[in-house]
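To keep things simple, chains are lettered A, B and C as they appear, and every chain counts its residues starting from 1.
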C-alpha cells in the first residue's frame, strides 16, 4: 500500500509537468491550429530561465577566503552575499521560486517573438510544413542554449528549507516511513494551481470565452470581426508562459540540459494524442494518468515481469489509443479523425 | 417499372437526439435520372452518405443490385459500380487533367490494388487513349496537360464528371452539381448531363436548382424532415400540394 | 506535364551514374575527394532517395526511419560476427529485416494519417531507441555499441580459412570495404537504388502515390484501397534505410543506438527538403550539400575562422569570429537548424524549386503551366 501511494505521488508530479506542457500544446493547436514541435523547447527555455536567474544572482567577486588561515586562499563570493549578508544568502537560496518572476516576462516575450516572427506565417500552411519549421526552430533554440551553457546538465537546487522530505504518510494514515520530497509536493501543488488558473482564465474572462469559441470554430470567430490576430499572439504568449513555468519549477527535480526539450516533446505529443487533440481537459487528465502509469511501470516488481516496460509504456498506450480510439480520451469526435 | 438498381429500405438515422432520417424508403429505377429535392435540413446529404456507405444507418438496409452496401468502405462501393461527384469538386489538383482521368481508368482496369512499380507510365497508351477520349467528350481537350488545380470551378466540375464517366459506373451520384455556379455554367452543366443521359447510366441528382431538376429528371422524390413525402414524375410533383407546403408555404415550383 | 519518356530516363541515369562514379575526381579540388566523405555521400544518398519515395510521393512525414537505419546496422554487424565478413549476406539481411519491421510498423502507423501518423512513427522510433539502450542490450550492446571481436563465430568464413590474427575487415568478395574500393561498392548500390526509384516515380504506381498525396479521399472514392499502396511505399523506403544502415556498418563495423535517435530522421527530412521533395535528384543534391558543408563547418574552429578573416583589419576580424563562431564546429547543428527553418519558410520546394523558378524566368512564356519533370 505504501509503495503504491508513493508511486502515485511520483507519477503525479511528473504528470504535472506533462499536463502543463500538454496544456500549452493543446492551447496552441486547438486555437491556432498549429502543430508546434518547438513546444518542448519552451519547457527547456523555462528551465534555463531558472538557470540564468541563478547565475545572475550569484555573480561573484573573487575574494580572500578568511576561514582558511595557514595559507592565502581565495573563493568566489556572490555580490548579493557581500552587500546583504545573510539576507543575500537567503535570496540566492530561493533563486528557483524567485525566478518565476523573471521567467514570466521572459517567456512571454519569447512567445510573442516566436508567434509574430514565425508561427503566424504558417497558419495557412500545411501541418507537415508547420511540423518542419517548428522542428527546425526547436533545433536552433536547443543549439543556442547548448552554445551558451554547455552540454552538461546544470544543477539548480531548491531552497534549503524544502530540500528534505515530508512525512506525508502520516497524513494519510500510512506508515511513518512513507516520505516524499517537499519540493516535489510543491511542484504538484504548483502545477495544479497553474492549471486551475488557466481554466479560470478561459472560463471566467471574456478573452477566455473568445479563446474557447475559437477552439471550437476558428473561422467563425474570425468572421465575427474579433481581432483574431492579436488574440492569437496573446494565446501563444500565454502558452509559452505556462510551459515555461512548468520548466522553471522542474529545474530542481531534473537539472536542466539542452536536449530536455526534445525529450519532453515526444512525451507531450503522446499525452495530447491520448487525451484528445483539441481537448484541454483531456490534455491535463492524460498528463497525470500517463505520469502515474509510467511511475508504476518503473516499479521493480513490474519491471521484473516485463523488463523495459517503463521505457515504452507511454508509447504503447499512445499506439493503442491511436488505433482504438483516435480521438483520444476526451477529444471531440471528428477532430482530425480519418 | 424497370429493374430496381438501388433500394433503400426503412432506413433510420439519428444523431444524438436529432432524427435525420426516419422510415426512409426509396427505389431507384435502372437507367433513369432520379432527382432528390427538398428544403434545407431535410436530410439529403445524410441520405447520400448512407447510400455511399460513409454513414451507417441505425437500422434498415441499402441494397445495390441485390448486394448489401452498408459497412462497405469507399473503394468497395466504387468497385461495385457506384461513382460520386461531391458538392465541392474533388479532383487531384497537383496532377494534370490527363493524369486526373487516367487514375480512375487504372482503377477500373486493375482493381483496388496493383503493384505495378517498375513498368513505365508512358507505356500505358491504352489507358491514355481512353482518358483523352473522355476528355474530348467533355470538352476539356485543350487543357490536357494543365495543372488541375488552376481550373475554374466549372471546369473542375466537368473534370470530376469525366473522372467518373471513364469508369462507366452503373450508378452516378451527383451531390448538388451546380452548387455555387453562375447561370452560364449551370446551363453548360445541364447540357452535359443531358448528353450523358443518352448512355443509359442510372443517375441520382440532389439539387436545389429547380431549373436543373426539371430539365434532366425522369423521376423526382421529395425529401422533407428525413422522409420521402412525395415521389413521381416531374408533372406529378409540380402539382403536388404536400410538396408545395413543404417548400415554405406553397411557393410555385 | 508531359509524361517522361523512357529515353529521357535512360539519359538521366547515364549522367547520374557518370557523376557519381567520377566523384573522387571532381570533388578533389573541392577538398571533398576522400573516401570517408565519399562513402557518406553514397550511403546517405541511398537513405534520402528511399525516404523520398515515401515522403515525396505520398506526403506522409515519418520521423521513425532512423529506426530502420539502426536495424540495418545491427543486423549487418551480427552477420559479420556470426557468418562472414563478406558484406553481401550482411546487406541482404539488413534489407530483409528492416523491410520486415517496416511492414509491422507501417501496418500500425498507416492506420492514421497526417500528424497522427507522424507522431506514431516518432513514438515507435523512441521505443526502439529506448529498448536498444535497455532491454535489448544483449543484441545491441547498449551504449558501447555492437562491435566485432576476434572470438566471433563467423561460421561461413571458417569453412574457407582459419581465423587469422587480429580483427578481419569487411569486404565484398575480397574487395576491401574501406577506402576507395568501399566507396565504389556503395556508389554502385546508390546507382541501382536511384534507378529503382526512378522507375517507381515514373510508373503507374508512382502516379497513384502522387494522387494519394493530392487527394486521398478522391482516391478512395475512385475505387482504390489506399492502405496497401501506402504500406508498400513505407516498406520500400524502410528497406532503403536498412540498406543504408547496413552500409554504415560495412564501412565502419560498429553499430550504435544513437543512429536511431529521431534527430537522425530529422536530418534525412532536411536533406530531402533542401534538395526538393518529390523530385528525383533533389534528395541527392540535399545530401551532397549538407554532408559537404557539415564536413567543412564542423572542423572549423576559432583559429581557422581568424585565418579566413585575416584579410580584414584585426578588430573587424574579431567581431566576425564572434558572430560566426557559434555556427561552426560544435555549432554545426545550429546552422543546420537555421537552414531548415529558412528553407521551409522561403523555399519549401527546395533547390529544385529554385532551379525551376530560374528556368521559368529564362524560358519563353508558355500557355500551359508546367511542373518539374524530374
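The criterion applied here is as follows: contacts are C-beta pairs under 8 Å (C-beta built on N, C-alpha and C of every residue); 3 or more make two chains touch, one makes a residue touch a chain.
All figures in this text were calculated on a predicted structure; none of them were measured in a lab.
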Longest centre-to-centre distance from subunit B, chain (CA-based): A
Innermost chain, where centres are averages of C-alpha coordinates: C
CA centroid of subunit A to CA centroid of subunit C, Å: 34
Centroid distance [mean C-alpha coordinates] between subunit B and subunit A, Å: 51
Distance from the mean Cα position of subunit C to that of subunit B, given in whole angstrom: 45
Residue numbers of subunit A (touch at least two other chains): none
Residues on subunit C engaged by subunit A in the complex (per definition of touch): 59, 61, 108, 111-116, 118-120, 122-124, 126-127, 130-131, 134-136, 262-263, 266, 269-270, 273, 326, 330-331, 333-334, 336-341, 344-345, 348
Partner subunit C, residues of subunit A touching it in the complex: 35, 118, 121, 127-129, 131-133, 135-140, 142-144, 146-147, 262, 266, 269-270, 273, 277, 307-308, 311-312, 315-316, 318-319, 322-323, 326, 336, 338
Residues of subunit C touching subunit B in the complex: 1-6, 9, 196, 199-200, 202-208, 210-211, 213-215, 217-226, 228-229, 232, 368-371
Touch list for subunit B against partner subunit C, complex: 73-75, 77-79, 83-84, 90-96, 99, 102-104, 106-108, 111-124, 143, 145-147, 150, 163, 167
